[in-house]
Structure formats: C-alpha cells, structure tokens
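Order as written gives the chain letters A, B and C; numbering starts at 1 within each chain.
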Amino acid sequence: MAAGAAGFAAFGPRGARSRADGRIVLDYWEKWTGHEGAAMQAVVDEFNQSQSRILVRYLVTAGIDQKSMIAIAGGDPPDVLGLYNYNIPLFAETGALLPLDEAAGSAMLPPLEAYARAIRPMLSHPDRSGRLRRWACPNTGGTLALYYNKSLFAQVGLDPARPPATLEQLGDFAARLDATTQGGRYSRLGFTPTEPGWWPWAWGAYFGASLTDQPCRRALIDSPEHVAAFRWIRETAERLGPERVNAFGSGWGNSYDSINNAFLAGQVAMVLQGPWLASVINTHNPGLDYGVVPFPVPASIADGQPIGLVESDMLCVPRGARHPDASMEFIAFTQQPLIVEKLSTAHFKNSVLAQVSPEFVAKHPNRGVEVFNAVANSPRGFRAASTRQFPQIRSKMGSLFPKVWNTDEPVEDLLRSTNTEVQSLLDLEYEQKARRGWKGGA
Amino acid sequence: MKLSARAKVDLAGYLWVSPWIAGFLLFMLLPAALSAYYSLTDYPVLEAPIFVGFDNYTRMWREPDFRDAALRTLLYAAAVVPLSTILALVLAALLCGGRRLTGFLRAAIFLPTLVPMVAAGMVWMWLLNGGYGLINQSLALIGVEGPNWLGDGPMVLVSLIIIALWGVGHSVVIYEAAMREVPPSLYEAAALDGMGPVARFWHVTLPMISPAILFNVVTLMIGSLQLFGMPAVLSKSNEGADPRAFTFFTNEMFSQAFLNGQMGYASAMAWVQLLFVLALTGLTFAVSGRLVHYRGG
Amino acid sequence: MQREGSHISARWTPTILLLAAAGLFLVPLIWMLATSLVSAKTAASGSLGPPGTFLQELPLHARANYEAVWNDPAVTFPIYLRNTLVVAMLGVIGMTLSSAVVAYGFARIDFRGRSWLFGLMLATMMVPFPVIMGPLYLIFRELGWIGTLRPLWVPAWFGGAFSIFLLRQFFMGIPRELDEAARIDGCGHWRIFWRVIIPLSTPALLVVALFHFMFVWNDFLGPLIFLTHRDDFTLALGLQLYHSKAGGTPWNLLMAASTLVVLPVLILFLIAQRNFIRGVSGDGLKE
C-alpha cells in the first residue's frame, strides 16, 4: 500500500501552474462557488476568448481576506483579487494593493462618476500623504431592502400592494402577521431583526446614524440616532420575547440556501435582505409571491430617498502581482456595462453602475431590482466605515446586538461601552499611523 | 588535533544529535527570538516594524476581546482536561478488562481521532444545528427540546467540549497500553488483601500508570490552550451569532496577526500564551510530585 | 489484566458499556457515511428525510456522489490527495529517520551535557505553535518557500521532540549486550545503529511513522498559513472549499469527500493496530 501511495505521490495529477502556449497566466482569486461562481467563470471565459495574450484562471478561495493577506505578505500573491469593500481600507493602507489610478492601464477604467452613488466612495481611499487614490473596481454589489410575502399579507387582511412605508407601520403589520401555535410557541413572525441578523452593525442606518465621523476619528456608536435604533431593537425584543424568538429560529442559522429558509418557508413574513435572496427563492420556492420595498424608516427622518446598507465586491491588484498591466486589462474588461449587467443579472443582484439599460431592469429575474438599484444610487446609502478597524468594529457590534436583544441592560450603557471600545480602536489606529508619519488625519 | 577519549565521545554524541540541534536553532530558537522582538514592535507585516517597548503587553489586558478569548480558553481547558482524562481512564479500564471484540471497540473509539478537523467540524456543525440537526431531532423524538448548540457563548463552549471528548481515543489507547504493563502479581496481592475491583483500580492501576497520566494530562493541557481549528470551522455555521463565542486565544491571535495587521501585538499574545503554559505545566508537575509513582529504572 | 468477578453481569458489563460508548463515538461517522450516499436535498434536511428515503436514494446517488467528488473541477480532490501524500511521505521518512538518529545519540552515547540537552528538547514540547507561527512564516518567506509544500515537510527532517522521546525510551530498553557484541565485531556507532537498533525497533518506528502520518493528514493550521496556490492545497485545507458562505453547501458531496479522507488512515490504523499498541507500550512510559 505504501508503494502505491508513493507512486501516486510521485506521478499523480498536479495542478497546472502555468501554460505553455505563450500566454500570460493570471491567477484570479474570488470568493464565489456554485452558480455565482459559474457566472463569474463565464465572464472569465469570455475574456479569455476575446484575446490571445492573457489567460485568466478563476480560483475559488475560502476565507479570502485572510488567505490573500497571508499570500501578499508572504510574497506570493494572486494577480487579481476579489475582496469585500470593507477590506479595502486595511489592504490599501498597509500597502497590500497597487493603486489603479496611475498604472498604465488606468485609462481603460471607467471614471468614478460611472458608478452608483453609494458605491463610488468605496473605490478610493487616502494614502499616507492624504491623497485620495483609487484602489478597486466593483464587480457586483448588493443593497438591503425589505422583502415581504404577499400571500401572507393577503391572508391576514393586509393589502399586498401597500407594504409598510414607515417604521411604525412595519411594527403594526408585523404584529398582525405574528402567529402562535396552541402551545403558545411561535409558528410565524411578521418581522424579527434576528433573521437573518447578518448586519448587526447596520441598524443605525435606518435612524440616520453613522458608525464614525467622516475621517473615521471619532466613534459615534452611542449617538442619539444609534440609541434610537437600538431602543427600537429592544422594544421589538420585549414585544416578541427573545427566548421564544430564538427558540423558533434555532434552525435558521444553516438553512439560508435551502427550502428551510425562514422567509421561503413562511416562518417570517418580512425580512431585511439583499438581492441574493431572490436567487434562493428562485431555486427552492419559485412560486413564492414576494415584493420588495425600501426598508421603512421612522416618519421623522424619511425624506423620500431610499435608505439601505450598500455593499460591494471589489476587484483589485495585489502588490507583487507579476503582470499588473494584464491584471488591469482584465479588470477593465469586467467593468464594461454589458458585462456588469450580465454578471449582476446572473447573481440576481442590482447593478454597480449609475446608469442601467432598460433591458437590465426588464429582463432581471429579481422582482425588486429597481428598489435595490435605487438604494445603491441613493445619497442616503449606508456603508461600512472606511477604516481598517472596521472588521473589529463589526465584530464588537456583533457582540453588542445579542446583549440588546436578550438582556435588559440599559441600551445607552451598552452602546456607551461599545463606543468606548471602538473609540480605543480608532485611537490605536491614529497612534500607529502617526508613528509612521501619516498625514491627513486618520 | 589529538582528541581525548572523552572529547571523542562528546563529538560523536553531538554529531548524532545535530539534526535536532540544527532544527531547534532554525525552526524554534530563531523564530522564538524574532517573535520576542516583534512582540515589542508595531509590525503590520507589509511594512517595517517599529519599536514600541512593552505597549503591546499593557494593551492586551485592556482589550475586552483579549480577556474574553483568554477566559474562554481557560474555561475550555479546565473542563476538557479532567473530563477527558476521567473518560479515557474509564474506557481504557473497560478495554483492558474486556474479553470480546476488544480490537473492534478500541478501533471504534480511536477512529474519531483520525478524522480531519475540517470534516469533523462540518459533521458536528450539522449534527448540532439547533433546528435540523440530528441531535435535536433525536431529542425531539423523546419529547426533549434540545438547546441551540451553536447559538451563544456558553453553548458553543459545551459543544466544543463534547467534540473534544469525542476525540478521547488517543488517550484511551495510551492508557490501555500502560494498564496492560502493570504486573498481574500486584493485582493478585491486592485481591488477597481483600480489595474489590474499584479499590484495585484506585490503589494499584492508577499509581502504576501515573507517569502516563501525567504525560497525557500535560499534553492535553497544552493542546487545549492552543485550540484553533474547530472553533474556526464552526464559526461559519451561524453568520448572525456573536463572533466572540468562537474566538479562542489562538483564533484571536491569528486574526490580529493576519487580518488586522497587528503581528507585533499577536506575538506578544503568543508569549503570554507560553507563560500560561509554563505556569500551568509547572503547577501540574509540582502537584504531581507526591502523586506520581515512578517505577525504578 | 484485571481480574473480574465471576458474576455473569460482571463479565459482560464492560463489553456492554464499551459497545454503548463505541456506538456513540461512531454515530457522527455513520451519519457522515450515510449522508455521503444520498442526494443533496436529503442531505440538507439534517435527519436524512422520512424513513425509507435513504434506501431509495442509495443506489442512485452513492456512486454518483463519490465520482462527483473525484472529478470535481473546482475542488480537485485527486490533486489535493497527491499533495497530502507528498507531504506525508516526505515527512514520515524524514521524521522517522532523523528522530531515530537523534534518539540513538541520546540513548546510546553518554556525552557531556546530554541530560541538559534532552531536558531542553522536552521543554520545547511545551512551546505553543502560535509563538513561532508568525516568525516561522516570515523565515519561510525569506527563503521563498511560501506558496510551496516545503514548509510542511522540511522541518520533519530535523526530528521531532515527541518522536525522539518515544524512540529514545524504546532504544533504552534494548539490551546493551547486543551493542557490545557488535562492537567486538568491529562495528562503530553507525553500524550498530543500522544492524542492531533499527531492526529491533520496528514497533516504535511504526508508531512514530503513523503518528506523523496522521498529523500531516489532518494538519490544518500549517497548510492554511504556508500554502497560497490552490493547486498546492492538502486535503485538510481543500475540504473547506466545499463550504460556501451562508448555506448552499453540497453536504452530501462534502461528506463523501470527508469519508474518502478518513478511509486511508482508518485502514492504516486497523492494519497497524497491534504493532501500534506494542510500540506505544513498549516505549515504556516509565520514567
């Protein structure tokens, strides 16, 4: 058996690191598997077929932000990297990326104005002299909005054509949609912030809050707006009973992309989610009659503009990439409007560009694509704080939320102590940058 | 150069041991020295390190994330070491005394230790799912409402302890081998003295295998304090859960080093981990002084 | 062997308890195997659907799942298998050889500073890997080895404290008279090592080899840090690729892959069990 293993080891299959047909080979690390990965692979294939100098290899990578940092620091990076928008500040600041605005290929890239309003600021970040540089191009993006189940609305006597328009209405409608079994357990919830609960840090968005001030120097977690936001979470918890909700939802954690998804299964009637949910609906329960509307905000802060969280996947070029010009050429290819729309359609997502063609909207499989687009272009789009500390801020808010939801500790106190922690993170960042001679604030 | 006989022996000895010495210098001493140096710097890995003295060490204790991860890890070790040892001793004793199917039973208990971390993590992640996992569904069959195993900090800790106990096979095999080494004459003498099976176990078996127990306990303790892979894999199970529930000491170190650009701070954490290990190991050895019985030779 | 009481229950109790324990230990693995034999939908349902589904789906999906794993273009199982085998083989040979050599030095040559050095070696077993993890990574970076398999097997050629300890204990149990006899025949250390010690040490060497093989097979942290190219991944790391963010994981395929990963080591253990036990006990965990 040992001999067989040795034979396999010596002569077994090995990966193709480079090809012999004279093309430059680019390794493109991206996070998508399944049909999302297939859609990106199709774009890669189209690029490979459109010219004969460059061959791009699409490589799925788990834990991509971690692995790519390790690879870049280790001197063996990929040629094109697909990160999340909130990775950009750290990667740019520590010199892990090549700026896209001075390289030879930069003329090929669309100007910043071509991109959706809320996505534009994500593409640039100041360098150590305080100058704003461009670091990334978006390939797909997502915004959050409220999905609601029209059949369930009709069932309880709500008008399916009139979803909640204010936060107050959301609470009323949700209460009417709640249902319990004979034993007092929940069998349906109108709305709970814990499903999916993926953005515990973003609840301030709907109350006009910001995570930090503009140069990310001061933490604003305990601002009055945030207090209002988390008070609302606490009130919702008190109304619904957190243990009962948690018990009801204990299986949801692993069931997002399955028939057991809470929204698909009718266990929640309304859910705050991104455009990707439509893909899950399409796969597991295409008959579901759903609608999408911007998340309703308190009447006092509504101004007609949709409010929602905006996220984006980013393409960038790591420092140490062997063929940066070729990498830029590939990235520029992906930024063409037709390609962007094709990929976004396949991912069921909104477009990252400011302008969309009428066909995009007309043929899009996601019923709510216009809403998602509107949020992306809204001046009130809410983004991750553009500081390298954001992942830790996000983590701390992730610890804050269960305390607000499950306990009765005063909301202001919880926010204040989280704010102190976040502030010390920002202070540390400032201190470390000052030590290295950074200019232009945080 | 004429070497004395003594020197020739020394030379031979060091020659034979040289591979380890070389490896020690290159892969242990050098990294450890570098690590000690980095722990005194601010080092984002992609830029040069800057000396900051003991700032990293003082910063650690102020950080709630560090205190949380440290406490969580200590609790884990404090639970796993005794529970695992007791379970392993009981299973080993049963294997030692049993007659039928010993080979099969031993293999069954040892098998879990052969499963790669990621695979085991995925299997348990699904078994432990609050709503659809096999465990809770089985409990539901007998009318018990199972908890949300991976829902919050305390339950995650319990789940990880269960998974650790599932991997007890390694210790079982070692204890069983040690138990079989115990001379039967000692048992006969004890039986003649009127000792029952339990008393024999307590007064004969345990003392005779105490060196193996000590070795195992220390190894287990060191391993528990370094827990990394399983929580990392399980943390993917629930996007909405409190991330701290899955953050143990080494996880925190890892994200600081590679995700937050704080290699210097992470190095300081590593040295604190080493201090913990040394302190606890020293404590264990000190306590064991009277308990461990070394056979002559 | 402990003597049992003569009651029937006393004779059977250990076996019954052990059967119960073994059953519990095996449940996750049986579940893993069962899930690998059904369709993706059933696998995702957590309890393998209504009874009867399993038997229905088995003939259809069992073979298909394993073929899918082997031939998956994205998660290239055979390549990962090869990489893991390379690291394992090179590591096992290196570790066994070098540890035996060093152990011989500690066991058979009474050089000055020996006990001190041996104590130092034992002490290194207490150093947590995270302490050296970062700088080790940087050292390998300077050598240009990040992104290759070398960081995973080269250090094994310098011996490992645990293996050296195990082998030294075992060697010390081999009677010196055999060494003397060989010396009278004119053998130096090297020949004594190969002609006397090694042949008598098969159980212990097997234990060392097996332990290191298992370590490499399951090692996750090392590959995570040192391997950058997906084509270099080992099985432990490659398994991760099946798990996509927020669900949509093909559980049946993941379990099939996991089963494939467990199988070789299991077979190895079953074959080597007896020798393994002898090796572990023969090393004399006596001090």
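Note that a residue touches a chain if its C-beta (ideal position, glycine included) is under 8 Å from a C-beta of that chain, and two chains touch if they have at least 3 such contacts.
In this text, all values refer to a predicted model and were calculated from it rather than measured experimentally.
Colleague: What graph shape do the protein chains here make by touch: line, ring, star, complete or other?
Modeller: Topology of the interface graph: complete, with all chain pairs in contact.
Colleague: Where centres are the averaged C-alpha coordinates, which chain has the largest centre distance to chain B?
Modeller: Result for max centroid distance from chain B is chain A.
Colleague: Name the chain pair with more contacting C-beta pairs, choosing from B-C and A-C.
Modeller: Most contacts of the two pairs: B-C.
Colleague: Averaged over CA atoms, how far is the centre of chain A from the centre of chain B? Could you give it in whole Å?
Modeller: 37
Colleague: CA centre of chain B versus CA centre of chain C: separation in Å?
Modeller: About 16 Å separates the centre of chain B from that of chain C.
Colleague: Averaging only over C-alpha atoms, locate the centres of chain A and chain C and give their separation in whole Å.
Modeller: Here chain A and chain C have centroids separated by 39 Å.
Colleague: I need the residues of chain B touching at least two other chains; which ones are they?
Modeller: 45, 126, 129, 131-133, 239 - these are the residues of chain B that touch more than one other chain.
Colleague: Could you check chain A for residues that touch two or more other chains and list them?
Modeller: Residue numbers touching two or more other chains: 70, 73, 198, 251, 254-256, 260.
Colleague: Do you know which chain C residues sit against two or more other chains?
Modeller: In chain C, residues 45-46, 240, 243, 245-246, 249 touch at least two other chains, as defined above.
Colleague: Which residues, counting only chain C, touch chain B once they are in their complex?
Modeller: So the residues of chain C in touch with chain B come to 1-5, 11, 14-15, 17-19, 21-22, 25-29, 31-32, 35, 45-47, 98, 101-102, 104-106, 109-114, 117, 120-121, 124-136, 138-139, 155, 157-159, 164, 189, 214, 217-218, 220-221, 235-237, 239-240, 242-243, 245-246, 249, 251, 254-255, 257-258, 261-262, 265-266, 269-270, 273, 276-277, 280-281, 285-287.
Colleague: Can you name the residues of chain B that touch chain A in the complex?
Modeller: For this pair, the touching residues of chain B are 42, 44-47, 50, 52, 59, 62, 64-65, 125-126, 129-133, 136, 145, 148, 150-152, 237-244, 255, 258-261.
Colleague: Taking the touch rule as given, give the residues of chain A at its contact with chain C in the complex, in rising order.
Modeller: Within the complex, chain A touches chain C at residues 1, 5-6, 8-9, 12-17, 27, 31-34, 37, 59-63, 67, 70-71, 73-78, 198, 251, 254-261.
Colleague: Give every residue of chain A touching chain B within the complex, in rising order.
Modeller: Going through chain A, the ones touching chain B are 65-66, 69-70, 72-73, 90, 94-96, 194-198, 200, 246-247, 249-256, 260, 319, 388-389, 391-392, 395-396, 398-399, 401-402, 421, 424, 428, 432, 435-436.
Colleague: Which of the residues in chain C come into contact with chain A in the complex?
Modeller: The contact residues of chain C facing chain A are 41, 44-46, 74-76, 78-79, 81-82, 85-86, 88-89, 137, 140-141, 144, 146-147, 224-226, 228-232, 240-241, 243-249, 264, 267-268.
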